[in-house]
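You will see two complexes here that share subunit A, one where it goes with subunit B and one where it goes with subunit C.
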Partner chain A sequence: MDRKSEREPERKAKSKPGREVVKITGIKADRKDAVYKVMTWLMVLFFTVVIGFPFFIMVSVSLQTMQEIYLPELVLFPARPQFINYVRAMKNGNWGRYFFNSGYVTLIVVAISLFINSMTGYAFARIKFQGRKLLFILLLIGMMIPPQVTMVPLFIMMKSFPLAGGNNLLGMGGRGLINTYAGLIIPFIAGSFGVFLCRQFYLSFPDDIDNSARIDGCSRFLTFTRIYLPLSRPVLASLGILKFTGTWNEYIWPLIMTNSDSMKTVQVALTMFRDEAEILWNQLMAATIVSSLVIYILFVCLQKYFIAGILSGSMKE
Partner chain B sequence: MRTRIRRDDVEAYVMIAPFFAFFTLFVMVPIIVNFVNSFTNYDLGRTRDFIGFRNYVRLFTDGDFLRSVLNTLVYAAFSVIPLMVLGFIAAVSVYGVSRVLYMARALYIFPYVTSMVAVSMIWLYMYEPTTGIFNKILVFLGFKPLTWLFDEGLALPCLIIMNIWKNIGYVMIIYLAGLAGIPESLYEAGKVDGASRFAMLFKITVPLVSPISFFIFVTTCIESFKTFEQVRIMTGGGPINSTTTIVHQIYMRAFGEYKMGYASAMSIVLLIIIFGITLLNMRLGEEREGKSW
Partner chain C sequence: METRLEMKKVREGIVNGIKIKFANRLMSILMLKKILSASLATIMILAILASLVVFSSCSIISGSNDKDEVTLNLLRLGNDMPEAEYWKSLIKEFESKNPGIKINYDDAAIGEPMETKLNTLFAGGAGPDIIGHGIISVANRVEAGHYQPITDYFSKWEGKDDIMESVLANGTYKGEVYGLAYSTTPFVFAYRKDMFKEAGLDPEKPPKTWDELRDYARLLTVKEEDRITRAGFAFPMAAGNFVEFDVFVFGNGGRFVDDNGMPTINTPEKAEAFEFLKSFIDEVNIPYNSNEVNPFIKGNAAMTLINNVALRPMLEDPDLKDKVAIAVPPYNKIKATFSGCNMLFMGSGCKYRDEAWKFMEFALTKEQVLERSKSLNIPITRKSLVEEFAKLDPYNSVRAECVEVGIGMPRTTWSPRFQTLRNEMVQKVLYSKLSIEEALNEAQNKLMEEIGQ
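Now for the complex of A and B:
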């Protein structure tokens, strides 16, 4: 962010003499530049078609009858859009429950992890406590560990969680946290990436803030909640939207942690259509659209923060 | 002053405590449990005997696992390079200030924000041999229909193409940020020398975004090694193991056969591979920047 703003005036200053230079250079380069322009627009068209096509098919199929889908001919536009498919898809299974499960798990994960991550990030960025370097390296190592590696031991730990789901103190005898919200939520709370992101953000604040807060007798925690947290909107929005998308779209963990229909999340429920003897493609596509709608709305409204979040992962400085 | 620092320490520890509690319990401890289990024959039942390195030795004679490693490598290699090339072309094409370009950008990111389950469902339909759109198009154009995901040689390429489609937007975003970081003055100097836009693309843009290319290479590589959802949903690893991946094997052994010890050994191998890529990244990054990380 800082670098960009430094460069902005530089670019403006140089754009004027630049234009004069173009006139001096030969026609040949101009013609080639025109070809370049056309090529880039052709590429935009190409990508738009290729990337847009599956989405178009998804919407189209969701509005077709099964007869139309079974026709050997290509049907791009349904003769009569069957909006009823959406209603039928949502009645095919307990979708209210699945949406509630996904929403509940996602909101709790986002709320708790945002608070814990930003608080930890603040401590790492603003307080020079003993052992912070070592702990931070530990945290960075944790960032490299993919959840696919820890899913087997985590499952075992959740299954033998002491005093939960009929388990005794040693974690034996019951189902532990399997088929519980806690089991779906807990592994997503500790994200090193969020701490890393918040730390980067808080590093850029001036020391004067902490000093004056200290003179006023504010504790570190109060300095964080009263001063830093209200100023954290950009970083929390980016992190929050990433966490939200990640948790909502998560498939593998709910798949292994739940086996009852009432605990299914949206993603797991979607795959039920596939397991049926005859796949009802129109309903499946309708359910796919409905399940993705939350993310799409979020993305369209908060695109700026979303992209900032993705980018922040690429700037390790 | 001394007491001030100590009070700071205590406050800091209290503030980081919740995070490190979760972090230790649900990231670090599982890794240790995983490591320990990988030397046992744990099966979720009563047996949990230490069997030394037998799980690891077995991995090297397990045809399914070796096939999954090969598949994962092929998947990674054929996903990463096209992704980088296409992502770069997309970024260069949509770089600029215009409403149309902004909308195009947003569209290209849509597959990336869509869940892998949803994406798998869309492509599952398109690849479907009897009702799917690809065969309908092939027949419409006068070609013979293909069996796509049911074809042993075609199934993995099908998954790779879908993966490229899903992640072009991600690569594009990262490259766009890289393009914004290149000083305009370089292009103006190029213009003075009479260089065409194409020449400048290869002589200025490509070399200057090379650190970003490297970052994209590493992240997309690691992502490819984690491939699971689409395999489980679309092919179940088949036909004849032609699409099974490392994570899919871990899943099958652990949650299909309850061979937790054996699956843990596989997980450790996966961890070593991913750490290897990350460390290689750091080492090369050091050389590139000429300073220690």
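Now for the complex of A and C:
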């Protein structure tokens, strides 16, 4: 319902005394609407500039020479746009490989995590079992612990993964999942937030759905896969996008888990434009833009789910 | 009749009993089937996971010791492409000459990324065998048990008498050798020849003493009304690591640590360095943060103290090449400068010490030191190469001299804290928040307090 239609009853109520009043109130309301619209546009413009300016600078710097970057005054428009910076940046390292690694890890994480998170969320929301509340509280505690705290224990777990990377059954003797795709994927496939999000979503489903499914002979798993999962598109899209951006932008975990150039992800590779004394800002910005393109495209295509994901949990339906 | 009815009831009871029994049996069979299928599914999932893990890991991971091959992990500070490429080619050459040894190269960006990675690897029991790191890591990582001494190997090394004393000192801690330098980054004094000419100064005679520096800086400063548009001498007013101040302290014969490893901040050498800087810096400087681009690089300063590597783009620029020159920084008592240094260390968990040393030795041969200076513009660290190095570039003799007289950060466990306190102290003095004496005493007392003295 837009603002105009919201005000309709108010207008109607005021119109009773006579035509004159209707006219005056109508003009006043139109004026108010116009002022409101202008204010809204000004606010939008202001925030667009504030948010868009750093992005503009990033594009501008990516097209500048190092001399222009070093100039004492700020250069907004390079004299001659240096598109070659993009070529140089992409030649500065094995970027095809880095993109493949990031893409591969991200897609697998998103696919598996959506399935696991939704299934766990479903169990917490729809199945009554002993210790459900306690388990859920433990899960919520997981959300409160910063990842830096769990980083070392998680690393040890990955290093001691049984039967991997030369390890024996007890997880000793080798390097476990260090420098493997599995090591980059496994820690991200389940997460408290995803389970929480799905649980909240499934709580809103009526009990009748479960009862009907049971009468029709559906097991729990079938109820989940045949009924709940097809209805979960909004929550899965939101979670998928958040998971995608989170995994794509992850820096610290790939940094510590990989130890070869062939396993580097895009975010780790972005630090390669710095040496002991200098940062190649133009190439760094060019590479950053290229690496962010994936996220921009995803955002443009699925922006309503992005916002839904951000707002999830803030409203009670 | 009654008997018949009773008989019927009994019969029905038996039938019902059988029915219940049958139903129970059926239920238990169904349950068993369920349990069996669930177990089978679990086993299958586990088997798939295990095979996936084994497959994915076996193809990428190389163990530390395959049957005939020793694999060593090397982690280097800094991940810029040119240096990474150099190390990869060095490793290739080494591996071809040493068929039984494989080096797994890895690197991490300077600063937090390297520290986070190294800390996690050591905490997880997967510390690298060979580590390329800076001076500031020495004391803390030795005390944390991350580095192991290499004194026994060093004492038998052919290059032990050839390595510059100042460079060797950087990797020595409590009488043991832990690290050997592969790269040095001395601070040099850079100046603009064209601006010297413009101001009537001889471009071939840069200032050698503090007094000359002050006079030259005043002459070279350009002002528009009261605003300085060109700094005569660019000096940072804020820094992540205020080593530019250290250059003056060292040039005045001062050090920040005594022979017993105690901090010596509030000594006359530092007070004199401050007095000298305060006597002219506000008249000749365009304030900047050392984490930003130096005004000298931007063409806004005639003289500065700068990291040799940071100056590289300027010296490589055909338009500026002949206008820029470098020299050993002006001094008051002793010819000295600050010099950073990256060294090769042997990780405490390294089981294959001989092989690791073999690699370190290979990376520090004269050929490799010279190769690094050619391809990466890194000053040499061996005395016997000074002449050869000087032939490569007209300013290489200056660079070599700066390495020889270079002094690094204190090799103590309190070094990171000293860095913060020193930075604060310099800023407080430069911005006149505290008097020189107060600032020196405050930094000294705080540091002493923090190290429990």
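The rule is simple: the second predicted complex is superposed on the first by the 251 of 317 C-alpha atoms of A that agree within 3 Å, B and C clash if a C-alpha of one lies under 4 Å from a C-alpha of the other, contacts with A are read in each partner's own complex, and residues count from 1 in each chain.
The definition used in the following text is that a residue touches a chain if its C-beta (ideal position, glycine included) is under 8 Å from a C-beta of that chain, and two chains touch if they have at least 3 such contacts.
This structure is a prediction, so every number in the text was calculated from the model and none was measured.
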Inset, instruction - Pick one for A:F193: touches subunit B only (first), subunit C only (second), both, or neither. - result: neither
Inset, instruction - Kindly classify A:V152 by the partners it touches after superposition: subunit B alone (first), subunit C alone (second), both, or neither? - result: both
Inset, instruction - May I ask you to decide whether A:Y228 touches subunit B, subunit C, both, or neither, giving the answer as first, second, both or neither? - result: neither
Inset, instruction - Classify the contacts of A:Y70 with the two partner chains as first (subunit B alone), second (subunit C alone), both, or neither. - result: both
Inset, instruction - Determine, under the contact definition given at the top, whether A:M58 touches first (subunit B), second (subunit C), both, or neither. - result: first
Inset, instruction - Identify the partner contact of A:T180: answer first if only subunit B is touched, second if only subunit C is, both if each is, neither if none is. - result: second
Inset, instruction - May I ask you to decide whether A:I256 touches subunit B, subunit C, both, or neither, giving the answer as first, second, both or neither? - result: both
Inset, instruction - Identify the partner contact of A:D33: answer first if only subunit B is touched, second if only subunit C is, both if each is, neither if none is. - result: first
Inset, instruction - Have a look and say if subunit B or subunit C is in touch with more residues of subunit A. - result: B
Inset, instruction - Could you tell me if A:R274 is touching subunit B, subunit C, both of them or neither one (first, second, both, neither)? - result: both
Legend entry - subunit A positions touched by subunit B in one structure and by subunit C in the second: 69-70, 72, 151-152, 155-156, 159, 252, 255-256, 271, 273-274
Inset, instruction - Enumerate the contact residues on subunit C facing subunit A in the complex. - result: 50, 52-54, 56-58, 60-61, 63-64, 73, 75, 78-84, 104-106, 108-110, 113, 116-117, 120-121, 123-126, 185, 293, 295, 297-300, 307-310, 312-313, 317, 340
Legend entry - Touching residues on subunit B, where the partner in the complex is subunit A: 5, 8-9, 11-16, 18-20, 22-23, 25-31, 33-34, 37, 42, 44, 89-90, 92-94, 100-101, 104, 106-111, 113-118, 121-126, 128, 130-131, 133, 136-137, 139-140, 165, 168-170, 173-174, 177, 180-181, 183-185, 188, 191-192, 194-198, 201, 212, 215, 219, 222, 225-226, 228-229, 232-233, 247, 250-251, 254-255, 260, 263-264, 267-268, 270-271, 274-275, 278
Legend entry - Contacting residues of subunit A [partner subunit C, same complex]: 66-67, 69-72, 92-93, 151-152, 155-156, 159, 161-166, 173-183, 252, 255-256, 258-263, 271-278
Legend entry - For the subunit A and subunit B complex, residues of the former touching the latter: 3-4, 7, 10-11, 14-15, 17-18, 21-22, 24-26, 28-29, 32-33, 35-37, 40-41, 43-44, 47-48, 50-52, 54-55, 57-58, 61, 69-70, 72-74, 116-117, 119-120, 122-124, 127-130, 132, 135, 138-139, 142, 144-146, 148-157, 159, 186-187, 189-190, 192, 195, 219-221, 224, 245, 248-249, 251-252, 255-256, 267, 270-271, 273-274, 281, 284-285, 288, 291-292, 295-296, 299-300, 303, 306-307, 310-311, 313-314
